[in-house]
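One structure below.
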Amino acid sequence: MNTASFQETLDFAIGRERAAVEFYRELTGKAAFAAQKSALAEFMAMEEGHVAMLTGMKSRGAVNLSPGAAVDLGLARRLAAEEEPTAAMDFQDILVAAIKKEERSGDLYRSLVAAALDPDVKAIFERLEAEESRHKRYFEELYETQVARDN
Amino acid sequence: MRRQNEHVIPPETRATPDLSSGKYLVMWQGPQHPGITGNMSLRLVADGDTVVDCETHVGYLHRGFEKLMERRLWMQNFPLVCRIAVPEPDFNEYCYAAALEELAGVTVPEKAVWLRTLSLEMIRLASFLMWIGGQAGAFGHGTIAQWSVTMRDYVLDLFEELSGGRIYHMYIIPGGVRGDVPDGFLDHVLETMQVIKKNLDDIELVMFHNAVFKMRAVGLGYIPPDWVDKYGITGPNARSAGVARDLRKDLGYLAYPQLDFKLITGGRSDAFERAELRLAEMYQSIDLIRQIVARMPKDGPFRERLPNPLHWKIPAGETYVAAECTRGEYGFYVVSDGGDKPRRVAVRGPSYTHAVSVMERLVRGVNIADVAGLMVSLHTYPPEIER
Amino acid sequence: MSDKKIIPAPLANEGLPPDERGLFCDAAPREYEPARGIMEDFANWARSESLWILGFGTGCGAIELRPLMTSRFDMYRYGIQPRPTPRQSSVFVIGGYASVKTLKRIVRSYEQMMGPKFVVALGSCTINGGMYWDSYNTIKRIDQYIPVDVYITGCMPRPEALLAGFQELKKIIRAGRAEGQNEYARNFEWFKANQKKVIKDWNMPDYNW
Amino acid sequence: MDIKDFIAPFAVWKRAFEKPFTVKKPIDERPGAPRYRGFHINDADKCVGCGTCEAICMNRAIDLVPVEGRDAKEGDSGLRPRVDYGRCCWCALCVDICPSGSLNMSNEYVWIDSDPDVFRYTPGVEPKPWDGSALGYRRAEGYRLLDGTRVPMPELDHHEAVKSFLELVRGWSREQAEKEADRCVSCGLCIASCPAHMEIPGYIKAVRDGDLETGLRLLYQTNPFPEACGRICTHRCEEACSIGTDGDPVAIRWLKRYIADQVELADYSKALPRKEASSGKRVAIVGAGPGGLSAAYYLALLGHEVTVHEKDEAAGGMLRYGIPEYRLPYPALDKDIGYIESLGVKIERGAPVGEGRSLASLRERFDAVFLSTGLPAAYGLDVPGEKHPRVLDGVAVLAAATRGQVLGLGARVAVVGGGNVAMDAARTALRNGASVDILYRRREEDMPADPDEIREAKAEGARLVEKAIPLEVKDAGGKARFVWNEATMVQKEAGKRPVPEPIPGAIHEEIYDSVISAIGQGPELSYIAEADGVEIRRFKPVVDRDGLATAAGKAPVFAGGDLVNDRKDAISAIADGHRAASAIDRLLSGKGA
Amino acid sequence: MNELAKELAARYGARDWHDRRGDLSSTVVDPIRLHDTLAWLKDSAGYAHLSFATAVDNIERGVFTLTYTVRNHEQGHSLMVHADVDRANPVVDSIHLLWGQGWTYQREMKEWFGIDFPGSPRVDEEFVLEGWEGPPMMRRDFDSLAYSDATYEGRPGRVTHDPATRMQERLYPEAGK
């Protein structure tokens, strides 16, 4: 594989994950009380973990992400985050924001997969897409069990 | 012809033989002795071949039923009671169940009434069949038992089919019975009755027209009619003395009032006639069984639902329920203090008088060889004495 | 068979009046010494094929012996028959529960039986008290008082089960494994102590032989 | 004596030509009858180890023993009956009474051995030749020793019921309650399933014995809300009931209610334990719901001074504001709360913790704090148009009903959701004269609501629309046009429950006067400041087994109830409150954690 | 039957007449008049058949309640005659001269309850028991199970488990009350 394109791809991905961390950091700034902050901190830590993982891959040159995508519960397409979360955001708001964000990331990687010419780069994007789908699934699961318990 | 129709009435008071004189022989008949019914014993004092005094000893089978029953729940006693009289467990089951139902105010469904009657008549027949083998055997006539015990086994097969048990049927449960008749059962009953009836004809011929049996049984153990009340004699022993008493008629329990049967009585009141009378009652049982099969309701519930047996409490009260078993009046006296266990249950078995007081008196003056035959002719069963 | 022959002290027969003590054996039972090889096998075969039952209906189990003795199940064809006296019998059938009063007679009858002798115990009651587990008058396990070779469970065991039990006993006898009698001799003092613990009025010889 | 007497016996000879009675091979030829009561067989998977067989056995022939590979779980003790054939009398009462019908008998009857110690075995677990025997004793059809049918509970006719907020379930008479209590076999399988582990067999026995004071005492050992729980408990106990394995489970909940209903509040103090001497310690409780007040009750009993801070104007939490009057009438709830208050528990009503009454200040003034603030905040539909003024939240509707406010729901009401809040909202709307559609994203059998509630809601006239995924709320001249997508249930992953998947194009819409959203609720946690140092994860305070939260500072903080547990029902909150109270007591009295 | 009740009341002070069933009644007399009551019933009232006689230990009241059930076969009626005797000093007149089997019942009651019937044949002999050293075993305060456990060895190795306790141990061991 073209080393340069591998590195570029990872850099791109790392950039995306850093942006995600930033997203949560921004929300944390808006947060008014401890519960919000702890939830945001948890999600942020997950994204930071990704940054660290991708950075590590960059130096080791290996992609150890599994390719299996998670099942899509289809919540993202349905749930409407009409506005940005406010200071009064509750768990539902935070989860919806997270699901939406993961959905956007997944969409991006999916378009990159379609656009990629190098099969190796394509493979990396595919795996990253799968990884994002798993995140989304995780949040969707939380939404189903913690928020929409009665529906 | 020794003793033919001669009515020797044994002395009322016990002899006081001088045992140190060397003239008398003290011997124990039983508990380990083939000439004793069940597990009990007689302490005989003989002058030559003639018994001059007899003491009965019971208790070899004492399990303390009445105490155990006070420790068990009402329903838990249901499996226990049948063990009181092994050859006729069903009378225990019936009396116990009926006493409880009376105290608790439960009415048993019609079907159960008939099935109970069937059960009681079948066991009556079975018990008599076993007895007749013993009676013949006690006079050295082994053939009859070879037949009659097998006939009894055929009845037990019916019980097995009906209730799932050969000896202990545990079928008559408080509230009704434990199940309806299985398919084809009533046909089996009728077929078996046919076989048994044919066999009874043979027994009649071979046993009752047998010089040996006649010679030994006629005149043996004469019970005068006035003893019936004096000693509380019941059943065939009383009827043979000419006293027309049968609780099936007198109390009219279960389906008996709807059945057609005559009281069989005698008058000669000796071992031979008691045997004849029981033979006639066997025929009568067969007839009753056929009537029951013909007239029993085909459908309907067979048990009334009772409260949870683990907590069943019966209102305080007492009752005495009796039934006519093969040997006479069999009864349960049940006292409830309102709790979940009986306060007291006392069992009245006919052998209580027949095998003790009556036996002790009748045996005075009898030849040692006839003691076994005499005892069997009273149709006794020790466990109902000692429980 | 143990090599060590235990020869206990002469029995005192203390339960008897002094003038009757001499009428009974004052020695404890001894283990049976088998013949050699084929002779013993032959003897065992003969023993197994002539099981003579003591006619002592100790409990309700006796009721199922009647059908067995008569034409329907006909135990005579298996070499089994009832005998009226212990001296002629080789098999003691314990018919279920044993009240203390009967246990006393069981012990005596058992001891009076000639060796080799075997015990068949019927029903739950002989194993662990059965339904009389809380009775003040019945023992719970017969093997505390006399040795048992074969147990047949049931309440009541049917005649067929009894026959199966006798067949099993035959097998055991033929294999030379019917050790009950020797067990009684070996553990005589233990058995005696158990017997005397429950039979309160011990007015009989210590070993009735 | 005549000549016949000498000749007749020779008739025996004719038998020589007849077929003999003798059975040739008795053991082989005579299997037990089809009904024969032979050795036991047990379907170990069907058996729940309730021990009723052991209880009925008058011979004490049955032991319950642990079995390899079968641990206890809810509704199954993991024990199995072991029969001692040195005791058994083959009466088969164990078969007759077996609640699950797992225990039966084969028609096998020969078991012979020289070793008396072998005659014991666990049917269905230790293999035996007669396992799976098709013949043998079974309970006859129509014959049972136990009663599988529950005593009917008198209820208002549904047509009547929707006309008012009168209590629907009328309660039992003494005779009815005693009859129902009689069905219990006291196995105790239910205790493990109850979050509060109430002494259920004990209080049922008390009903049977007519000793209601003992019953009340047993109830209060673990639950100071018997009136409320006797009506609205989720009764997981009844799912574990052994009688329910083949029949209706014992109506444990109604029996509890019976006890509490029958004893007058004035007589409570006679039956119930007295307060211990004052400990001098003070405990603050936040939230006067079942969790908070249970903690308050047990702490007060132990002699601590308890102050409960309640944001609403009345105590009871969701029991009062979330559960409609026709299920839990206020006098019944007031009786429970009244007794708790009579022990000296101070309830400060209309006193929310937060601004002006901070958690930090409570921790300064009190020796311990218990948080039980529940899930008061309804989650939104989260679809476009969810802020439409006719989209109402279910919890608020129920609270408004409790407050006696005019609801103004209109004639046509949609309720979105399938939980108890949705059912309560729907039935409240019905009682306000509306026609009601309940829209649920999955199927009826997936609904988290109590089956009784679903049944009753339908009986009262609510229409159930299953597999309806909300898409949008549009305005229709001031009313709400509710748009949903019909779904199909797709089993996406093995072992997980099926997922509703929209059917493309299957879009429905309907105009409603009100759309009540009841999809779930969340906590209100703004009163916990970062400075309190209470560890929170995913909007739940992190607590240990006793309910102790990780927190900086001196006064310990405990939390319980819907706020932290996953079961989210009153009885779990009560259990949390009791557990926390015991832990607080241990901490405060220095008996070690 | 009310005439009989009245007659018995007048003659022997009988009281507490209950009709248990159409053909079964019960009444109570003082133990001192028991023998005479029974004799009169037997000889003059047609109650000639003694079905059974037994006792009930009413330990709470400190009495043994004797029950003699007699039957009038002509009228098809049974009467249970009760008499309470002091548990501390239970002595009753013997009926062995009235009925030939009476002494057996009395032997039983002597052995099982400790009720004495002076003059009754063999009343002091053992009846069903042999070598019995315990108290009369039908008394309520005699515990059969305790006696059995102490006297007769059972087969060891039996252990049972209570389902509820087992579930607590396995499912929620922390819940200590």
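As written, the chains take the letters A, B, C, D and E, and residue 1 is the first residue of each chain.
Convention: a contact is a pair of C-beta atoms (placed from the backbone, for glycine too) under 8 Å apart; a residue touches a chain by one contact, two chains touch by 3 or more.
Given the structure is predicted, the values throughout are model-derived calculations rather than measurements.
**Q** Strictly by the touch rule at the top, which chains does subunit A share as contacts with subunit D?
**A** Per touch definition, common to subunit A and subunit D: zero chains.
**Q** Would you pick out the chains that touch subunit A and also touch subunit B?
**A** In this structure, the chains that contact subunit B and also subunit A are D.
**Q** Please identify the chain lying most centrally, where each chain is represented by the average of its Cα atoms.
**A** Nearest to the common C-alpha centre lies chain D.
**Q** If you take the mean of the Cα atoms for each chain, which one ends up farthest from subunit A?
**A** Using the mean of the C-alpha atoms as each chain's centre, the farthest one from subunit A is B.
**Q** Have a look at D-E versus C-E and report the one with more C-beta pairs in contact.
**A** Result: the pair with more contacts is D-E.
**Q** What whole-Å value do you get for the distance between subunit A and subunit E if each is reduced to the mean of its CA atoms?
**A** It comes to 87 Å between the two C-alpha centres.
**Q** Centroid of subunit B to centroid of subunit E, CA atoms only: how many Å?
**A** Distance between chain centres: 23 Å.
**Q** Would you kindly tell me how far, in whole Å, the mean C-alpha position of subunit D lies from that of subunit C?
**A** One centre to the other, that is 59 Å.
**Q** Could you tell me the distance, in whole angstrom, between the mean C-alpha positions of subunit B and subunit D?
**A** 55
**Q** Would you mind listing the residues of subunit D that make contact with two or more other chains?
**A** 21, 32, 58, 84, 86, 89-90, 116 - these are the residues of subunit D that touch more than one other chain.
**Q** Please output the residue numbers of subunit A that touch at least 2 other chains, ranges allowed.
**A** As it turns out, subunit A has no residue touching two or more other chains.
**Q** Enumerate the residues of subunit C that touch no fewer than two other chains.
**A** 71-72, 101, 127-129, 131, 133-138, 141, 155, 158 - these are the residues of subunit C that touch more than one other chain.
**Q** Between which chains is there touch?
**A** Pairwise, the chains that meet the contact rule are A-D, B-C, B-D, B-E, C-D, C-E, D-E.
**Q** Touching residues of subunit D toward subunit C in the complex: what are they?
**A** Result: residues 20-23, 26-27, 30, 32, 58-61, 84-90, 109-116, 119 of subunit D touch subunit C.
**Q** In their complex, what parts of subunit B are in touch with subunit C?
**A** 31-34, 38-39, 59-64, 67-68, 71, 79-80, 83, 86-87, 130, 133, 145-147, 149-150, 152-153, 156, 166-168, 383
**Q** Can you tell me which positions in subunit D touch subunit E when the two form their complex?
**A** On the subunit D side, the touching residues are 49-51, 54, 62-66, 71-74, 77-79, 84, 86, 116-117, 120, 187-189, 191-192, 197, 201, 221, 545.
**Q** Okay, in this complex, where on subunit B does subunit D touch?
**A** 1, 72-73, 75-80, 83, 143, 146-147, 150, 157, 160-165, 168, 170, 178-180, 182, 202, 205-206, 209-211, 214-215, 301-303, 305-311
**Q** Show me the residue ranges of subunit C that touch subunit D in the complex, using the header's touch definition.
**A** Residues 71-74, 77, 121, 124, 126-131, 133, 141, 143, 148-155, 157-161, 163-165, 167-168, 172, 177 of subunit C touch subunit D in their complex.
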